[in-house]
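The two complexes that follow have chain A in common; it is paired with chain B in the first and with chain C in the second.
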Partner chain A sequence: MAEVRIPTILRPYTDGERAVSAAGGTVAAIIDDLEANHEGIKERLLDGDDVRRFVNIYVDDEDIRFTGGLSTEVADGATVVILPAVAGGSR
Partner chain B sequence: MRFDSLVDSVGHTPLVGLATLSPSDDVRLWAKLEDRNPTGSIKDRAALSMIEAAEADGTLRPGVTILEPTSGNTGISLAMVARQRGYRLICVMPENTSVERRQLLTMFGAEIISSPAAGGSNEAVRVAKGLAAEHPDWTMLYQYGNPANADAHYRGTAPEILADLPGVTHFVGGLGTTGTLMGVGRFFREHKPEVRIVAAEPRYGELVYGLRNLDEGFVPELYDESLIDARFSVGPRDAVRRVRELIDAEGIFAGISTGAILHAALAQAKKSVEAGERADIAFVVADGGWKYLSTGAYEGTLDEAEDALEGQLWA
Partner chain C sequence: MTDKLKRVLTIDRTTRDAIVAHARRDHPDEACGVVAGPIGSDRPTRFIPMLNAAMSPTFYEFDSGDLLRLYREMDDNDEEPVVIYHSHTATEAHPSRTDINLASEPNAHYVLVSTRDGAEADGTPIDFRSFRIVGGEVTEEEVQVVDRYADDPDATPKKAEH
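Coming up: the complex of A and B.
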């Protein structure tokens, strides 16, 4: 199982929960498991077979766009963070 | 070293090895001390580069008003140059930034327009774009989309690192406007493509991400995903822990965003050790810690510091 942190904007799908558990060995499988328990959330995260442009997904703090995308492995006990893309850094 | 004026002294910063935090003789960390720039941050490079590009194309003439969305450092750098060259500067700044940054901007003669805390820098960008539309005579340099921002690092930061550390294997920098990573990334893709480019992105509290609609997020216009190889999201707890380690172990007093960058650099170092490969990892010390003393990051327990930074734009 992995812990998935849900951003404020998506908490209506998780009854307001900030973090939920999901099972699956890859990000794609985790998202399918999320969808099974929180119907409608998948469509907010994915655009077809890709992560939406303004959605960032991190497995143990690493952006999955650089680690294999939706096929990125999710180890047992991993933390998956979903965040909207915002401007960051010391500007 | 002698220079004709302060702005001529931007760049050519020291690269210093981390004697204690480097994991082994084969995997070494090197700090690029950008706090040694005239106003104390890496943003002097971008600010000077953007102003000189706008002067060269005729956009900036004495008396012109410059408008910029900034959480602080870029504004301070622009203000230093603007005051000397006779430009008026208006900074749009989120209200949840540290008091020191406001004091410094005011001291350098900049005017500040506050944008709402909720939404962080995205809001500052939105407010600034609105003001720019209302005031067509103002010039927005727009660090998030201005190629001169990245060019400063393509021409300066990256070649300086390569000259000082010919065996460099990794570069780790902060991801904000993306200017540093885009400029350094493009330089190494062209001149030493085996160098891996690693981004450290600050992860703020809930207030900053707000109720942002997922279809209306913000990705800086400068950002080109193909120029980086890994991207780490770093929360305030890890950033504070690392910034304290940097002081304790190496005597380097850095700002909080540098803690996030060091966290990513150490994660990369660990991977290199595990893979049994040699690595020379250069990372950016974006600024010193002076401007963040009031945030609470440098005193008390990690729990207390984490609580203090909740809701603040700490990087």
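Coming up: the complex of A and C.
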């Protein structure tokens, strides 16, 4: 099991919980398990087969963009942090 | 939290001036940052200028590593982002379509500063505005600049709140 930290904006999917447990050996599997218990959350994280451009996911402090994306391994006891980008633009 | 919908951003002058100075310093690129405060206090107390990883005159984004460190630090301090600020350097101090689409902190005051039309120069008037952005809806709110925060017991974080 991994601990998944949920950002404020996604807490409506987790009954307000700041952190939930999820099972799976990869980020993709963790997200599927999240979806099984918190329906609708997957669509907020993924755009098709990829992580959304303005969603950051970290496994044990490493941004998964640099560690293999959705196939990044998640060890038992790992911490997965989800953070929406803080971003914007004038256009 | 049982926060009512807030219609005012109350911010101390030193922090407001620090945001303006950051916007001017980074002009013509967009500047960005956060003012953190105790959870539930609605009081912006800790000014945290962030690097604009996009280094762009039309876009801003916190670096993903900086973002993780920032949120961890706020978590450790029982803080939240009370203000999220950025500058527009050629357009008005109003959230753009992109700003609205990407806004992800429904409890934050989104502060916009515009350094257009010469406002990047020190001592010139500058637009400093605050908005709520919730579910794609933008609501402008009053900005009240105070010399210092009143000694309001409600502003200190309460242990019972979470």
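In this text, the second predicted complex is superposed on the first by the 86 of 91 C-alpha atoms of A that agree within 3 Å, B and C clash if a C-alpha of one lies under 4 Å from a C-alpha of the other, contacts with A are read in each partner's own complex, and residues count from 1 in each chain.
Simple rule for what comes next: contacts are C-beta pairs under 8 Å (C-beta built on N, C-alpha and C of every residue); 3 or more make two chains touch, one makes a residue touch a chain.
Bear in mind the structure is a predicted one, so any value in this text is a computation, not a measurement.
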Partner chain in contact with A:A85 - chain B first, chain C second, else both or neither: both
Partner chain(s) touched by A:R44 [first = chain B, second = chain C, both, neither]: first
First, second, both or neither for A:P7, with chain B first and chain C second: both
Touched partner set for A:R65, first chain B, second chain C, both or neither: both
Residues of chain A at both interfaces, chain B in one complex, chain C in the other: 7-9, 54, 56, 58, 61, 63, 65, 81, 83-91
Residues of chain B defined as touching chain A within the complex: 41-43, 70-74, 119-122, 125, 143-144, 174-178, 199, 201-204, 206, 208-220, 225, 228-234, 255, 257, 267, 286-287, 315
Contact footprint of chain A on chain C as seen in their complex: 30, 32, 34, 50, 54, 56-62, 64-65, 67-68, 71, 84, 86, 88-91, 95-99, 102-107
Chain A - residues contacting chain C, complex: 7-9, 54, 56, 58, 61, 63, 65, 81, 83-91
Chain A to chain B touching residues, read off their complex: 7-10, 44, 52-56, 58, 61-63, 65-67, 81, 83-91
